[in-house]
Structures are given as structure tokens and as C-alpha cells.
Amino acid sequence: MAAVGVWLIGARGSVATTVVAGAAAIRAGLAPPQGCVTETPGFPGTLPRIADLVFGGHDIAETSLRKRAERLSAAGVMPVALPALLARDLDAADAEIRPGDVPLARLTEDLTGFRERHGLDRVVVVNVSSTEPPAVPHPAFGDLAALEAEGLDLLPPSSRYAYAAFRAGCGYVEFTPSTGPTLPALAELAAREGVPFAGRDGKTGETLVKSALAPMFAGRALQVRSWSGLNLLGGGDGATLADPAARASKQISKDRAVSGVLGEDVEGQTHIDYVPELGEWKTAWDHVTFDGFLGVRMTFQFTWQGCDSALAAPLVLDLARLVARAHEKGRSGVLPELGYFFKDPLGSAEHGLAAQYERLRAFAGELA
Amino acid sequence: MAAVGVWLIGARGSVATTVVAGAAAIRAGLAPPQGCVTETPGFPGTLPRIADLVFGGHDIAETSLRKRAERLSAAGVMPVALPALLARDLDAADAEIRPGDVPLARLTEDLTGFRERHGLDRVVVVNVSSTEPPAVPHPAFGDLAALEAEGLDLLPPSSRYAYAAFRAGCGYVEFTPSTGPTLPALAELAAREGVPFAGRDGKTGETLVKSALAPMFAGRALQVRSWSGLNLLGGGDGATLADPAARASKQISKDRAVSGVLGEDVEGQTHIDYVPELGEWKTAWDHVTFDGFLGVRMTFQFTWQGCDSALAAPLVLDLARLVARAHEKGRSGVLPELGYFFKDPLGSAEHGLAAQYERLRAFAGELA
Amino acid sequence: MAAVGVWLIGARGSVATTVVAGAAAIRAGLAPPQGCVTETPGFPGTLPRIADLVFGGHDIAETSLRKRAERLSAAGVMPVALPALLARDLDAADAEIRPGDVPLARLTEDLTGFRERHGLDRVVVVNVSSTEPPAVPHPAFGDLAALEAEGLDLLPPSSRYAYAAFRAGCGYVEFTPSTGPTLPALAELAAREGVPFAGRDGKTGETLVKSALAPMFAGRALQVRSWSGLNLLGGGDGATLADPAARASKQISKDRAVSGVLGEDVEGQTHIDYVPELGEWKTAWDHVTFDGFLGVRMTFQFTWQGCDSALAAPLVLDLARLVARAHEKGRSGVLPELGYFFKDPLGSAEHGLAAQYERLRAFAGELA
Amino acid sequence: MAAVGVWLIGARGSVATTVVAGAAAIRAGLAPPQGCVTETPGFPGTLPRIADLVFGGHDIAETSLRKRAERLSAAGVMPVALPALLARDLDAADAEIRPGDVPLARLTEDLTGFRERHGLDRVVVVNVSSTEPPAVPHPAFGDLAALEAEGLDLLPPSSRYAYAAFRAGCGYVEFTPSTGPTLPALAELAAREGVPFAGRDGKTGETLVKSALAPMFAGRALQVRSWSGLNLLGGGDGATLADPAARASKQISKDRAVSGVLGEDVEGQTHIDYVPELGEWKTAWDHVTFDGFLGVRMTFQFTWQGCDSALAAPLVLDLARLVARAHEKGRSGVLPELGYFFKDPLGSAEHGLAAQYERLRAFAGELA
């Protein structure tokens, strides 16, 4: 089986640390692959094994992965005993983390260096860093030649990482709502380099539930009249989203799920609040009004209390495995079959969870 | 297009009254077919039209449909102006309601008389009466000849209605959790008479949501650890379910959805409480705990506030249309393709809502 | 017993219409005084009787009270039959509604004219109109002479009404979060004219619950760590609050309850959203995290689903009765004893509901 | 200051372990007295200091307190580092735990031995063991002489402990819903021996909230129409309450709060479910319907997610301190002033939380 590396942008963040610790725990037999979609029946055994993945990444933070894992375990994101048991693996990944605020050429060299050092057949770059504000549109974003002529410094950071990944022949997953590979110029580059990508904005909590429920209302011809929500977030992502500009990116992704399924806009907004006291945890409340037979008004509410890192990390492993395998099978450009994992599924207009799941299952079958 | 009659067992109850009033309102252009699955895109135009359905039924109550509709409108189940506007249609259906506590032969005659009086091509009997306790098993239930030899008085009331329906050449829908057509002897009769049936226990509220959400947890490999619920019911069904024996039937249906999807039993119970103050309304709270990556425990809660009659009535219209058309196309015996509508889908082990919906859509295509 | 008039600013709004219809329904014996605090045991019989109150007011809208009452009854705010039964009383109050956008002198004349026409001993003006933005501070607000020298046009509308009320010798209740009588210059005028006033921002729903619960946490030494909320509002007030400037007034009032009781600021915000589909109804969700023994983190959530007009109207009647009686007993200036009714209790730093209630009860005893 | 001992019935249970560990943590300066009512401003400094309390108790379990504390810390009931840091104090208390299933005379000897060994001025016995079924009434329960003649073996276990406490000259707190000191014969004994007692059933969660909210509805003249609830409990108490007989005791206590405040019975039940997966945690959902002005129906829901041991333990410390001090001040018999702490306040008909709090504050003043 092919040797696969996973290169994490934001490699010292909560999600990345959970990814590295989790893969190590699975390798050591200390935890089952709970939350990993690709480990459930029906997914092919030909995907790269979690236990064999090699990790590295970019970050500007300097706190060690071991220290980060200890903090996460104190916050209940993983068993307290785990960081010490996994120290060797955490340190190994730590040794492969490079500073993120470097010139574009250096990013590419970091990726090729990683691949060569470990003799990897393929590397998948996954962006799990902080959410950026929406990019200011620029004409050069629409055309690779124009972009390269105009200067790559125009690119927002996430898109610089995507550019570097494609130039280094790596697949790319945009797990945040940032711009990343969504510019036409970058899609052109991915096609030219023969590398696949997927995104964007991991569907881990409230939007996951929305995409399971909205088809229920649609199928039953129950007219959704309003859908409002409040997300309370602690942790790093919450702090980032306290910035209204970054929050804008997130809210756009979130609001697509319901209208995408129902085929029309619905009253109501999704609020995002930073509540530092919540730490690594997130609580979302959603309130839905809908009309049934003879116009009778009814109400549905839900409260989701989850740990974002624990929800995101296994999906990052799933995506890395699937993109690596798709790359191996010769796929390039956007992978619309992976929409199941994303709030804003690139290359697909399907937001209903069950339909996305069926498409993913079929895709996994093709990869076998 | 064929002329179709709908014969409602419990014809003066809240659901039946809403069915009759709703069909009349749609016919008169006073209401859209909100909540009717078969009126959404993708369902064939060859189904019997709602506006053409003719209604009758059995009941032991004597309050007129017009009076019942007035009470329902006061309780918010339909617009206040509607009962007066629909008086003629309500009275016409009222004139076709027969006493329910009569010998079996008479039930059959009532059905054939209804069909002949209105020159109907087909009649579908739908049980929307009060929930019965689970039937005490009897060896004769397994074999039609034995049952007819032993005496049909062994049958619980819902099964007597199913027997009468089949003998009269009518399709049958068991919309309650009662025994109805589920006995092997009755399946034998349906096959012999060439009539289709479907059931059981209309999936209108809490269980609908469960069946939309349970596949979400399963697909994401999130391990559900407990699923508890409390249903608060007013109205007629609530009063019936205040009887522990009747409640037993309901709880068995309800508990199947989650374990049916997850493939294993899960801790927790579903409580049903009769709260007369809630009137025609129902509130359900569900609490789910689940484990994600590295064993992190998370929680999901929902509250559903719905009007059962408004949720059930359009499904009764859907089922009557689909069963009539299936009958016309020569189908007999159980129709597993209609599992989408039921908590306890006869003939099918599939409880996931999206999978049930796809099967229904495919079936509707075959009926076109 | 003294004859008392109630003059409503915003006299054709939902709250005012419910006040007038409700008093008429109580007078006619068609409804019990549910929701009226002053009708519970322990309140003195010497308060002006609800049945004897005479209503008038200012508004710029022209829809008749009867039409407004019909709309409210269609929205479930009162029984459908009520507007027709109360037509005479609604029309009588309608005849006493004057245009609100008139010069200040005219406002005063409207009040004295109303008092004389009906031979009233006292009139209480209650502002139930739309919420204004917070007033821009001005030095003249601090001193009556300066204000009258500088020109009364400086005053925001609610304060113009308060000024007119005081000049006409009427008590005043600020039931909205607007500036109203809160300027020192106006307090000076009320003292000079010997009239009482109370306010501000009626505590009808979410904040009512907060002020009942915050003392529970404080008393038990449970450390509240965050308190977040989302208010979903339809109706007129919701539309007004869709304007961020007006919303600012409301949020300031709302956020005082918890910190006022706990004696310190707490993380978290209260969001207000306008959801037109909710009509006259309001839903609020609050989420509280708190720490107990040994730092254990716990969570409390509540959902309040109420009808603002139905909650506000009986309190308007209570306040009119109490302020009229206090006026009769010679009280002037702010009435801190009425803090029980308000989110932002003028003249009092007490926000705990039970303490406010005890103070109100003692005050009612003094008024007996 | 007097030396005070706390003798815990059920000394190796979750609550008792948290009590002992918590007092030790406070003594060591490792935790603030969060959750201790008597440590808030307004309570006198003359109460016995938490740091000086000496612990012992009865239990039939043999797992050491240190082991129990480790399990509780793994379940999130206390910081993971705490059990090791407090090992000496835990072991000291462990050495004072005696077998609970011994003859009555022996129970008394255990208490006097504990007092003498540690030179204590006073000992307070607190029952925090598993809930018993309601006691079967017996005529001898009404009269001490009859009881002693008839044989003390008639007494349920909790009452045997109360008897032993009184005979040994110890105060007693019934923190569970069990019979304990509530029999007239035992009240007679407490009076004769000059010892105080208080109870029963610690008000730690859902009922605490009920008793804060019910007065809000009553004060505002909002008519509560139904109050329903579901309690999901893991842990030891949950397992005990899975037994319908024991559950009966608990439900009786719980249902008193709302009717006690509102002065009338209200529709709806409180369900208790054992969900082992919840471990030491408890979730309660309550649903309240109420009517306001003109009969408008409104709804309130809350979800409480708490850790019972963390909520109960500081109250046990409060009660031990208050009862010891009352004993010192010469009080004997029931202490109705402590109703603030209990679901079923012995000696008092007051269930409203704020009124109970004021009474407690006044009592604490008298004890100063």
C-alpha cells in the first residue's frame, strides 16, 4: 500500500493536534476509530491505513504538540493519560512542523522535503488553520496566467497554501471557510498539475444536523418559515470568529445548507458568538418554524453540544485518505463526491446529508 | 381517472375530520396541499386526485363532522372560517358514516354499499381510530382457515376492520399501532383477495425526526450511547394512551426507529404522558448522548411541538392515493415501499428516513 | 373611588389594543384578570377598579382599534369572538385617540381635554409605542431651566410625551426602553408638578425569567460563567428592533438584569432578531454555564415562548392603577417601588425578582 | 470555636466522597468554597469552619475513599490531580468509616466513639445513602414509648440511623427522601435528647429551579396549566431509583415544590429514568404551559445539566455547620429555617426559594 503524508496548515491548533494524537492512539490500539466515516462497513480496505499516515505541517505558533495535547486533555478533548502515552508520535510530528509565515517558494520546498524525507508516494495538504475574512475579488483570480503575471502576493494566505500544495504535486483539502483553492486560477493549476482537491468548511456540528433535517421537512412538504440559530463557541476558532470579517466567511457557509436543500431562502439568521468560558466546546441552538396541513404552524428546536476538534479530527483523517487514494487513481481537480464532509461543498449543489452520503459511498466503491 | 373512496375507521376523530375538511379545502381552492408528499415534484400525476376522493367511514361517536371541525378550528388545527365554508362537504361525508360496533358481515356490507352508491372503482380503508392494546397471541392468527374455523370474534377490532376490508376487496392502511392486518391469517386473505395493504403507526412527529437523525449518527460513526424521550400528548390519542396497555403498543413502535437504524439497542426509554391541557398539540423532548473521536462524550437534544392531526391528515391522503393506485396496478399483499410513512414499516426492515424516501420515490415512479 | 384615565402613547399598537380590549373584557365579565398582579390576594381593594378605567391616547397610525383587535385575535392574542363583543368599548377608546405628531402644547391640551371631558380625577400616561434609539446626550437635559431655555425640541419623542404629561399634571409610565422621563430635567419637572412616574422597559419575558433565576445562582454560591441568549421577535416591536439603533436601547436594558443581581459582569451577549413569521409571538433561548463545588462546570438552558402583548397588557393596567393611587396619596417623582415591573428599574438598583416583589407588596400595603 | 464532627451515612458514596474531598481541598487552599451557601456574605463567621470539620461515617461498601475519589475525578466531578493531593485526608476519613449493617446499639457506640476519639463538642449525622422506598405506616411510629416497646426493628434503616444519632446526642440531617427522622416517635426522641434535625431530600437541581420559577408565575398571576418533567440520572442514585419503590419516595418530594408554591395541584408528572451512560451526571427537562391575559397559552421549557454530587456536597457542609451551631445554641427538634436546602422541607410549608432564603438568612443572623 502507498505511503501517504498529511500536511496540516495550522499544525499546532486544536484540530491538528487532535488529528495527530488520534491517529497515534489508533495506531497504538488505545482508541477505536470512532468518528471515522471511512472505517465503517462499506468503505474499501484499499484506502491508506490510518496507522501508516505520516504527519507534518505549517504553523506560526511554537507551543509543542505535546503541550497542546496536554491542554486538550485537560479540557476533556481526549483522555488525560493519552498525551504521555503518545509522546513519541507527537514529538515526531512536531519535528515536521515548519514556520508558516515564509515566502511561497519555501512552502513548496517544505512539502517536497517532507515527501522525500519520508519516502512518501503522496502528500495531502489539509487547511485546519484559523478562518480568514472573505477574499476581496480580483480579476487575476480568474486566470492562472494573469495571476502569475500579476504576482502571487495577491492571494490570501489559504490560497497561497493551496497554490504551494498544487505546485508540489499534493492534493489539498480546504477544511475551513477560507478562500483556499476556490479561485478559478487555482482550479486551473490543480488540473494542470493533475492533483485533486476538496472543500470547504468541515460540516461537523450544527450544519450537519441542519443538512439531516432540512430534507425531512422538504420530503414531507412541510413549509419551513424560519430557521434561526445561535452558535456559542469558545476556543481558538471562537476567538477568530469574534472578528466580524472572519465571521462573515463562516456565516455564508452555514446559511447555505438550509436554502440549498429547500431551494429557497428562509427567514432567520445564524448568529455566532465567542464565549471564551466554553473552551473547546460549542453549543448551538436552532429554532425552526414550519407550516403543515391547512397552514398549521409548528415548531422544532434543537441544542447541539459538541467538541469541535473531536468532531473535525476524524473527518480530516477520512479526507486525507480519500483524497490520497483519488490522487493515486488519477483524479484531479475538484472532488464533488466529498460534499458529505462540507458545509459549502465545492463542485456540488447537493446539501442534503443522505444524498451526499450515498454519493460518497458510491465514490468509495469506485476507489476500491 | 378512476373514482376512489376513502373509508375512515374512527371517522369522527380528529385525524379523520382533518382529512375530510382538508380534502374539501383543497378541492375548494381554500388551502394548498401543504404536508401532502404526493403533491411534491417527482410524484406522478396519475395518482387519484385529492379533489375527487369520496369519504365515508365507521365510528361509534355521534358528534357531527361539522361540530368536530368547529372544535378543531377553535383549537388551532384549521382556520376558524373553514368549517362553515366546507359545511356541505362535511355533511356529505357525515352522511356516509356508519356505526362501528356492528357484526363483521355488516362492516363488509357498509363498504360494498359505499362503493356501489358512489360508483367507485376502488375503496381504501384507513384506520385512524384509537390505539388498541397489543393483541394477545392466538394460534389461529397464523392461518386463515384456522381463524375462520375458530371464529372471527377472536380478532381485535382493528383486525376485524382489516378482515372486512379485504373481504370487500378494499385496500387497507393501518395508521395506528394496533394489530390491524399484521396477522399472517390476514396477509393470506389480502393475497387471496388481491388487495394491497400498508402500515403501521403513522410516522408524524418525534419518530420522524429520530429516523432522520439516527442515520446521521450512524453515517458519521458517532456512537449513540443513550436516547431518551418524553412525549406530552393532549387530545383523544393522549387519553387513550393514558391506558398503559394501549401505550405499550405505541412505545414498541416508537422504540424501533433508533435501534432499527443503528442496528443495536441503545439505552434509554421513550415516555408517553397524557396532559389534557395540551389539547390537540403534542410536545416531545429527546435527549441523545453520543461518543466521538477518542471517546469524547457529546449531547444532542430536540423539542418538537406539533399538531398531530395536521401532521397525520395529509399522510392519510397520500396513503389512500398510493394504495388505490397500487391496487389498480395489480399489487396485492403488503406494500413495503410505503415504509416512509410508518414508525413500524410492515414488510421492511429499513427505518432510515432518506432511504425510505428514495424507495417511495422509486415506487411512485413505477405507479406512473 | 376616584375616576382614573389611562392615556396610551402608541394607542393603536398591539399592547395598547390588548390593554383596551382586555379591560373591556374584564368589565364585561368575559375574562378573568389573568396576568394582573394587582388582582392577586394581598393587593388592596382601594386601587382604582379595572372596570372603571377610561382609555385614550396618541398615535400616528389610523387603523381602528376594532380592526387591530380583529388582527390580534386572528393571531391568537385574544379569543376570536372578543372584538365583536367589545366593539362599543373599542370604539369609545378609538374616539379618544389623537394624532401623535403634533406640537408639544397640543399634547398637553389633549391630556387636559381628556381629563375634563370625562371628569377624571387623575390621568396616567403610559408609553407603549415603538422603541427609540438611545438619546444623544445634551447638557440641557440635566437642568429644567436650561432645557426650557434651549428649546424643548431637543427632546426625543418619548421625553416630549413625558414633559407634556407632567405639565398636564399626569403620572407617567415608561413601558419601553426609550428615554422618556429619565432625564434629570424631567425628574425636576415631575417633582415641581407633584406627579409620580415609573419605568422603564416592561419586564415581560426572558428578562423576567433571568431575574427569577439569577438570585438562585447567587444564593447557592454557584458561579455564573456565561449567560448568552437569542430573542426571536415578530410583530411591530421586532420590526423596530431590526434597526440596530433601537436595538441598542433594548439590549442595554436586557443585559442589566443578570449583572445587576450577580454584582459583576458575565460573559455572553443577548441577541435580538426580527423574524416576521413569528407574528405577535416571541421565543427566547438562554444558555447559562456555571461552576459548582470544586470547579465542576454545569449548564442550564431555557426556552420561553410567549406573546408579548398578552404579557405586557395586564402590567400596564397594574401600573396605571398603582401610579394613579400613588398620585392620589401625594407621591411625586420616581417610584422605585415599582421596579418589579421593569427591566431597568428607575430609582432602584435591585434586579432580583423576589426582592422586587416584596417591595411592591409593601408599597401596595402603604397605598391601601 | 467548638470542634465539630460530620458523620456520613453512606460514607463511601459519591456525595460523601465529594464532601470529604471538598472539605480537604478547601482546607488545603486548593479550591474555593464554591457552592457553599454559608460562605457567602451575610452568613456569620461564628459557624464552625469547614477546614476544622472531622469526618467519619457508616457504609456497607468497602472501596476506599481514595479509590472512590479517583473514580469521581475520572468522571469529571473533581480535578484529576486532587485525589492524590488529598490522600492523607481521605485516608484519615476512611479510617473512621464503620460497617453500616450492624445492630442499633452498635451504631450509637460508633457515634460516641468517634466523638470521644476526636474530642468533638458536637457531631452531626448526615444521611447521604441510597434512597429507601416509602416506609409502611405502623401505629408505633407515632409514639416513642410504643415504638420502644414494639421493637426498634420496625424502623426502616434511615430511621434507625436517626434514632441512633438522637440517642448519641447528635444532630441529624436527612439529605435523602427516606423516612429518617420524620416519624413522630423520633421527633419526640429528638426533643427529649435536646438535639436538632433537618430535612429532607436535598434540593440540588431540577426542584431548585422549580422553586425559583414557580413563585414567578404565581406573582405575575400567570396560571400554570401543566408542569411535566423527565429526569435522566446515571450513577448510584439513578440505579437505586430504577427501583419503582425507591422512585416513589423521590417523586413525592419532587412534586411538592410546584403545588406547594402555587397552592394547587397542576397537571403533569415528573418522570425519573436511570440511564447508566450518564455516569455522575444528571439531565432534567421541564415543560410548563401557562395562561396569561385573555387566556393566551404560553410555554416555558428548561434543561438542567448538573453533577449531583458537586451540587449536594457543599450543601452537606452548610447543613452540618448550621445544625452544629443550632445545637450549640440550644435548639432541639426540627429546624424549619433550613427549608431552603430541601425538596420536602420538614416543619415548613414554604416552598418558594426566595422566601426560604430570607428565612435562612434571618436564622443565620440569630446563630451569630
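Going by the order they are written in, the chains are A, B, C and D; count residues from 1 in each one.
The working rule: contacts are C-beta pairs under 8 Å (C-beta built on N, C-alpha and C of every residue); 3 or more make two chains touch, one makes a residue touch a chain.
Bear in mind that the values here come from a model prediction, so they are computed numbers and not experimental data.
Chains touching both subunit B and subunit C: A, D.
Each chain gets one centre point, the mean of its Cα atoms, and the points for subunit C and subunit D are 42 Å apart. Computed centre separation for the pair subunit A/subunit C is 49 angstrom, with centres defined by C-alpha atoms. Shared interface positions of subunit D, i.e. residues touching 2 or more other chains, are given as 76, 299, 301, 303, 305. Viewed as a network of touching protein chains, the structure reduces to a complete graph with every chain in contact with every other.
Contact residues on subunit C toward subunit D in their complex (touch as defined above): 18, 21-22, 25, 31, 33-37, 39-40, 76-79, 82, 208-209, 212-213, 215-216, 218-223, 291-296, 298-307, 310-311, 313-314, 340, 352-355, 357.
Of all residues in subunit D, those touching subunit B in their complex are 225-226, 228-230, 232, 267-269, 271, 273, 275-278, 283, 285, 287, 289, 299, 301, 303, 305. Remark: subunit A residues 76, 80, 303 touch subunit D in the complex.
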